[in-house]
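Before we start, here is the structure in question, set down as structure tokens.
First chain written, first letter: the chains are A, B, C and D, and each begins at residue 1.
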């Protein structure tokens, strides 16, 4: 792999991480609007929203530093999570054991959300933080086990290297299912968006944020969703084309397919979202507990070599 | 820079829900305010604009004040939706409605005071920044009306109304009709009970047209028969016949000379009564 | 049943009810007077209030007895005393009777024994007369302020005749004058809801006392929207103008209020309404019910994050709104009903417009219901949530779909036929489960019933005038007017006055009777469902494939028996 | 297919039955004040100035609840519900329409009466010509209330004004 390819793809990666998520959000909004038989916002609307928020002064309901820092922590964590994933044949940041880093920084986004929620004496933010915590605690192990199963199969602890090495067995296929589920839940899509439920708890933690802090926070969450879905899309697309793609051109091919799968995923998620109502938190926890048991079984299967 | 994104927080200061639901309505498929970048904000902290409805009751006043203060310092656009928010509406001087002392409670001031502006003025007096107020009257305003107001706030359209001050110089018209003004007014009043205030103008106009053509009561009778045959609406036909009966009765009452013999006319009037009361309306 | 047949049976039944009360309390009754066809006023001493009212309301054989409204009036200029009237109705299609239990209270001793301990449904009414007239209910379990704003001074009573309607006295707004909420139960946290909460379309403050996410108890402060309408109606406006403020009591069920008011004045003043006007009123009331129920079903979807259902319901509803706009000139606040009749006629083209819209609506609504009930996550959120037992519904005198979802079989359209309902045939859906889904099914069925009612009314609409001429209303006549709004029975009491103005006007909206029952429905549920339950008191969810079956068989709702319908909806409620 | 209307980018007309904002045609208004009495929301005002001899009929669209009672009451059809609804503005003054009319001055004593010149003209138009001695009434109708009382004339104008109102 040439240095140029590395630099070019890393640059593209950073651009994608920062600027693609709002577009994806806009696309999702447009799709939902179309399903509801209305025109919907322009595809670029999320950019406009972000720009207006980022250009506005926030109001500080508290003096606590945690409140001010939380959006930045979330943003940095989300970007870091996205950076350990493969873009074409290039992984911008890669080292042994980055699986754990990925899971860790992903959790950090949620933790930042909780820090923010608990830094205020407000029932809505507290409830939002509480729900986020419960969801994270119930789904992160599933995500970890799913990736762990795949890592076991691929014999690598680099998350970006897994899709290049994974072989298809029963346990891997099941792990893919679990991965998809946990990505969906962790992404906070309907029916699992209880932490930011607008009608129930006024978007939870966000209810006290304003101005550019809100902008950064929302951006961070979009990047987190992007990272999660990019993970899934990489795991789907790279094994398909890894044998025929070599060199910089191959990398570009992979990237294109990754993007296509990503858009496909986003589209289907938007469709699922508009066809569902939000669940109650205890319903979600019950469901996730069941899935967790399954994921342990899958890991055992993988350990047995199936 | 034109605002391309407008998060609106909805503030109900005691409205009847008519405006609330129309506000919801502009988010729904036929109107879809999202295409203009409008979204309902969950919290005043996110809001660029505050959509206020209601006449501002005293109980809501304090909470409403806190809500506006919780908004980011700028732009704080206030969108007053509905007549109540614009000026207090029909409730303007009820005892639980908030009004500033200088607005009085029974004044003859104009533009009429009341509604959300009382709160805006209080906040400005306290030194809080509050942005422009867009007034969207209506009871409740149609969704298009609200969209128009929002578009005005976003700078997408130009305003169309302008205050007017007319004096005698505009001139005076006292229109003449084919029938005497007093009789016209009586007939107009009678029609209110038959077809209602809205449709009566059209019916009366048609009737006067026929009267102008007719030279005698018989001829009028014939013309009205013809009109009813052409017009398939039984309600309009009924109204026409009622009008004719009333018209002939009034003519007689005031001692005008009615063409045709009195006896024939009497018989006709009686006949009309039967037909007007008997076969009226669709069954 | 034909009208004359109903009248004859009714008269006998009525006599039985009235005679029984008179027999039993012979020595306690001071005066009995028949105010209107179905309204008897019985005057008693104030000490006997709890006994007499308790007897009628808790009568074991009388069906669905109900405290319909309670009126306090300042009759000092007339008789030197205050008056109280408890209006109790008998429902359940077992006789059309309203009892007005009246008592006078002197100014020197403005106390009366509270009825609330016997019938909790009187809770708000008695707090309200305390606020507005200064009559003190003795033995009331919760004598906190209800109606007046927190910054209203003590000892000023706006509904007394010596209070000028535009006065607005104030006291300092401090922490002490703030509403005294109940202390949270041990080990609970307070979860405030409102007054400005996105999903509550009106302001009201709720305190949910929660353990984790479970609601243990609820307290509330409402009347953020108290606008002093009664006082304005008694002072500033004339009889005809009051219709328009009555319409603006509620922007969603305005016609029901305007109609209730008009009927009250018509009953008090002996104004005969032309038959055609009655039919037009009926059609307008049903069109209003259509849009209101669609709205409520849509908002229920919105409250659980199911935006597709919300958008689709509103898309359907929009056609009803456009229809209303073309019929009356406005999408809401139709301005149709006035004393003596209606203001606009249904010309031929308007008739065919209605027919077309309701035909399309029936189809569209069935599709919507199908789609919504096949959304598993949505049904999961509604089933078994916010259960209101029959006992609770009865003891709070709840009305409308909120009560019918809990098994109360009452509907003013059938039990106290007004407008043209006496000539029409329709069913009153009742469900026993008492949860949010049950309320939803009631509403969904009512949409179909409404369509059916409109079809009949258009077919049978007679000719004639649409407005009666009336010159003068005799002063100091009392009567109540009642309608079935989309949310339940609305009752307006009027006492006519001099100078083309009302002496006393008492509005009782349906939610007034439903709201006090809300804490009972919310206890034990999750915080996440709080908004949904609140919404379901008023709006509701979807209906089911049952609707499709109904149409596929015959195109008419009539064909299915009640039993079949109930079975089908049971299936629906068990899961899709 | 999206059903969204293109408004406000494409104009939409309200249906013919729509009750939009009312508008006073100043050429028809006679300043009788029937609309002011009918208005439940006090969106219409009648402000008399006996010094200057003017009457102002003020319509504030921002207070109007669009019940069309004024339309119903107006004897000359001067105030009418239009189909216009695009009246949002940032300045409440844009909502106010004022018609200023001259009050009739009594030719006998020179003080202003409580009706306008135009209302008098209208009243004379309504007066039944054949019924009484028209000229006599016409002579008395133009006097102010006091002068008329002095002349002990029956209140024909009042009667006709009642018809108007």
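Convention: contacts are C-beta pairs under 8 Å (C-beta built on N, C-alpha and C of every residue); 3 or more make two chains touch, one makes a residue touch a chain.
For each chain, UniProt lists the protein as follows: D = Formate hydrogenlyase II subunit G (Mhy2G).
Computed from a predicted model, the values in this text were never measured in an experiment.
When the C-beta contacts at A-B and at B-D are tallied, the pair with the greater total is B-D. Computed centre separation for the pair chain A/chain B is 52 angstrom, with centres defined by C-alpha atoms.
If you average the Cα atoms of chain B and of chain D, the two centres end up 16 Å apart. For the pair chain A and chain D, the distance between mean C-alpha positions equals 67 Å. For the pair chain C and chain D, the distance between mean C-alpha positions equals 39 Å. Residues of chain B found to touch two or more other chains are 28-30, 32, 35, 42, 89-90, 139, 142, 192, 197-198. Chain A has residues 33, 36-40, 198, 202 in contact with two or more other chains. Annotation for chain C: residues 198, 244-245, 248, 311, 315, 325, 329-330, 333, 343 touch two or more other chains. Because contacts link each chain to all the remaining chains, their graph is best described as complete. Residues of chain B touching chain D in their complex: 29-32, 35, 83, 86-90, 92, 108, 110-112, 114, 117, 132-139, 141-142, 144-145, 147-149, 151-152, 156-157, 159-168, 170-175, 181-182, 185, 192, 197-198, 201, 254-256. Residues 3, 14-15, 17-19, 38, 40-41, 65-69, 72, 81 of chain D touch chain C in their complex.
Interface of chain D with chain B (complex): residues 2-5, 7-9, 12, 14, 17, 21, 24, 26-28, 40-43, 45, 47, 58, 60-68, 71-72, 75-77, 85-90, 92-102, 118, 121-122, 125-126, 128, 130-131, 163-164.
Interface residues of chain D, counted against chain A in their complex, comprise 1-4.
Residues 29, 33, 36-42, 45, 48-49, 51-52, 56-59, 61, 198, 202-203, 206-211, 214 of chain A are the ones touching chain B in the complex.
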